[in-house]
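A quick write-up on the structure given underneath.
As written, the chains take the letters A, B, C and D, and residue 1 is the first residue of each chain.
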């Protein structure tokens, strides 16, 4: 696939934006300024950016307890995201959601569902709506490797299959569900093998190669859009941070972690861009802009007011 | 497989016992004498008898909303079964269970779980107990085709697989879940194909051939007993009665039903026995005995007292 | 005007709403199958003829299709989801309690989730897993409205309101009230049919109704128990005891005003519920009365409820298990005798 | 004697019971992983060293492993099942409510199902899906005992009783009470540690305890709310108001005798609960008091509870959402001022 330089740089920018956002958030947590808990996305940026870049306006995603990367890749406003993390009224969920329920339906992101596997039927229902309303949109369902052991995975993929729904199920296999290695909890070597139980295509690709992720996603998304039904896309990646806020991830072997860091998507993509003749200065410039953007978001968030206590009682019923 | 005549006749007797029991129960319902609701087993007798004959003392089964056949095949006392159907204190569950919760753990039958898919994890847990306690027993999990679309199917088979549990999952594919044809609710042609998602063997056989069911069950049960793990066995059969009490099953095409009745297991097995030189008189004699046994059961049940109202409050906590 | 059973009235409500709004659709098991039953209790029978694309028959995958209903509601569809027996709501409980009830709130009010959940309840000789009164499990769950119509008239009017409501609404339908006609009617059914007006109507969610006026004791009851309460009132009237029977019709929101006015008048209250006593809907009603209306009371509150056990199968036990007219009468006499 | 946190006391209870009875085992997510956390809150940390075959780490398959626990209990094993957050009990709700709670009853008492379910609850800045107080959803479910220990001493003694009980028992553990030490302790934690005797002890399920004696108002509260009630009592004592704080410790069975005696003395009652008010445990407590102890009352019952919404994320909202010491004090003053 031939991709224009602009688009490549946009991939780069988004990946860096996710990485820098997450690093900044981590720092804010360590400083004790940010409330709540977080599950971060460092190391998986190529998945979110590759997949979401294959989507069109009107397409929708569901995301998980680890949603920041997906939200940014879908173009959500990082000011509103940061404000949400700080529990401010200007947040994308007015402070009611927090990290685990980030979303903005206007941008095609259903508020994150932090129940593992909980979003799989919801994405399937979005697909059903598109089909029933004869709209040419596609729903993408992000999930982790661990989620594929939930019953909802099975039920949802089966229904998407029998009804031929425009849904692409994206499994980011980062080899761990919390502290548990994927090999302890399933016997298949490739999670994509499970697709055959529903007679839908299942493919496994390198999830740290943003271009590969983009092009294969595009294929499956357009296939779904054309009415040819759902698919399961497994992206092999790695979580180079702890599972959540305070997890040192001691269960990840040093060797494995080191290799994963070598293989992390931004490093790899940077090399590739440079091999294309793009200058390091260009990339640095992008990074700088991103950092400014993030600082503005932090400022925006911290300057924003909290919701008033009585706001607790709002937003329950229409 | 060479099977002695005695054993063949015992297969026959059990199949006939199930059939006659169910026919008698149907009649009692139509007469308005029997309370509650029922899901009957006519047409699937070879499944229960074939599978359960492959079990040894100490092995355990779980059953479903359609449990009578399995209970009888496991050697439960039909007096106690009939009394249970009548809600009497002498019933196998002291009148608390009824048709849908028949069972007798002494005979290796966990009280039936009438939530579709609800028994699959329970059987898996029995397997876990056998493994942890280093007992050479096997758990058999009966379920219908419809149950394989429940999330518990997926979760349970996966765990049985990763822990290598001695469980044989038996799917009686009678082509309908209530009024819904199996082809409407899954795309795989053979339900046994789903086994590959858990890397366990999955085979599909003629569920109306009691000898085939017996020999293949024995294979899988002994394989599990030997520590070689779980398996999925699909038995192709047909429900030649309504789904429940008052269902005329108008959704079953006439042609299909006719063929199924031609192919029903007792008719087929009778032919086979006669071809072996067993006399019709011998078979009639067996049938007669069975009928007497059933009449005794009905009498026992109807002569038995009801539990006293206050018994409602018992059996909740140990 | 035509006399319809509850099942027929519900079907009519669904049909009218599906005609009115093409976003309304039904999803569940064994619906829309020619020769089938229209769900477990005929409510959607035949609707597939007029709406072939909007009656979605599912695999037996409750968690899955409840989540699907939710997802579809985010894009403007208005699903009516049904389970064959209320007991199976537990299979979808995560989708209902963690997602359907909360997604709008978590979004800061930016989403709407117009979903109707239809669930048959009631003890009908099927044992512990096909019988439960499910109201208590949802009463304590913020984010879902609950309606409990006891007559055909109310069933139609409330279901139509539910379909038009932009929030999730659960309707509990009672198996013994669906109707005494038809192949799938239940032994022990009570006639809850009504004259249904030709012209369209709806009943607002959250408005209760006085089923019978009285002055001595307020009896609060829904669904089947409402009918039993009326029968008890009828009998007690002959003894000179005057019962006011209140049918709240909605549990969330609840018509506290109606209850307050009645208790102000009677000073005595008996709450009848079909579910086990502990943590039932009667607990919330009694507690609120004890907090806010205790000054009106001239006698202790009484609850009539099932015992704290699962449902037994035997008819001999079920009869004892389900609150009877006799038990209602006893409770009424008790509050009268205990009056200060 | 050693001072232990709640997490440590629970761990010690599990260890002792696993030593005592080889049928006891633990099953759940992220347990027994070297370098892992011992469940979400360290309770089972390190146990895999002594019991490598009895700490069963599962896939993320709640419905599955709850049913597995049940199946295994039928063959004499005694599983301690845990979910990482109480909220995920909904994923296994069918197995818990339709199977675990009912199988013994359905069998006519012929089976035993000794299962302990461990579930962390409490609002801790994680938003709507990782916070819920789950007690109300199980209070209305016959067939399972419920314990709610608020101190390390009680946690150990009650969990040991639960493991030895032949019935299903749910233990609700509060995230803010596990302990203020260690990497996985929570912001806002309260010190609930206790001196734990060297010698073995158990605490009977169903026995409450008076945490503080008093004469003016009875305050009933469990878990975190018990600690807040004691703080409120401390402050009010300075105003001359004497509070009796009752910690029921078990919800099923419930120690009504203890409550009765206290109310007989005080004539006033405030029930504090962390969950939303509607249909909460306070409803059942208030209702039973209104039925059986109304004659002792000289003031309306008051409930202090969270509002009827899901849990909001923002600290600014959560602070309003969770009942505070101030709200408890206000309620106490109110019942005093409303006394007749």
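We take it that a contact is a pair of C-beta atoms (placed from the backbone, for glycine too) under 8 Å apart; a residue touches a chain by one contact, two chains touch by 3 or more.
Keep in mind it's a predicted model, so treat the numbers as computed, not measured.
Student: I need the common contact partners of chain A and chain B, sorted by label.
Tutor: Per touch definition, common to chain A and chain B: C, D.
Student: Give the label of the chain whose average Cα location is farthest from that of chain D.
Tutor: B
Student: Would you kindly tell me how far, in whole Å, the mean C-alpha position of chain D lies from that of chain B?
Tutor: Whole-Å distance between the two chain centres: 41.
Student: Quick one: chain B and chain C, Cα centre-to-centre, how many Å?
Tutor: 36
Student: Averaging over Cα atoms per chain, report the distance between chain C and chain D in Å.
Tutor: 31
Student: Pull out every residue in chain C that's touching 2 or more other chains.
Tutor: Within chain C, the residues that touch at least two other chains are 58-59, 61, 63-64, 87-88, 91, 94, 98, 105-106, 127-129, 142-143, 307-310, 312.
Student: Which positions in chain B touch two or more other chains at once?
Tutor: In chain B, 91, 93, 95-97, 101, 113, 115, 118, 149-152, 155, 158, 162, 184-186, 315-316 touch at least two other chains.
Student: Select the category (line, ring, star, complete, other) that matches the graph of chains linked by touching.
Tutor: complete
Student: How about chain B: which of its residues touch chain A in the complex?
Tutor: Per the touch definition, chain B meets chain A at residues 149-155, 158, 161-162, 184-188, 193-194, 196-199.
Student: Within their complex, state which residues of chain B touch chain C.
Tutor: Those in contact with chain C are residues 35-37, 84, 87-88, 91, 93, 95-101, 113-118, 146-147, 149-151, 177-180, 184-186, 246-252, 306-313, 315-316.
Student: For chain D, which residues are in contact with chain A within the complex?
Tutor: Contacts found on chain D: 29-30, 33-37, 57-64, 87-88, 91, 125-130, 183-184, 187, 307-310, 312-317, 319-321.
Student: What part of chain B is in contact with chain D in the complex they form?
Tutor: My answer: residues 60, 62, 91-97, 101, 103-105, 110-111, 113, 115, 118-130, 132-133, 135, 139, 151-152, 155-156, 158-159, 162-163, 314-318.
Student: Hey, which residues of chain D end up touching chain C in the complex?
Tutor: 87-88, 90-91, 93-94, 96-98, 101-102, 105-106, 127-129, 136-137, 139-143, 252, 275-276, 278-292, 294-295, 297, 300-303, 307-310, 312
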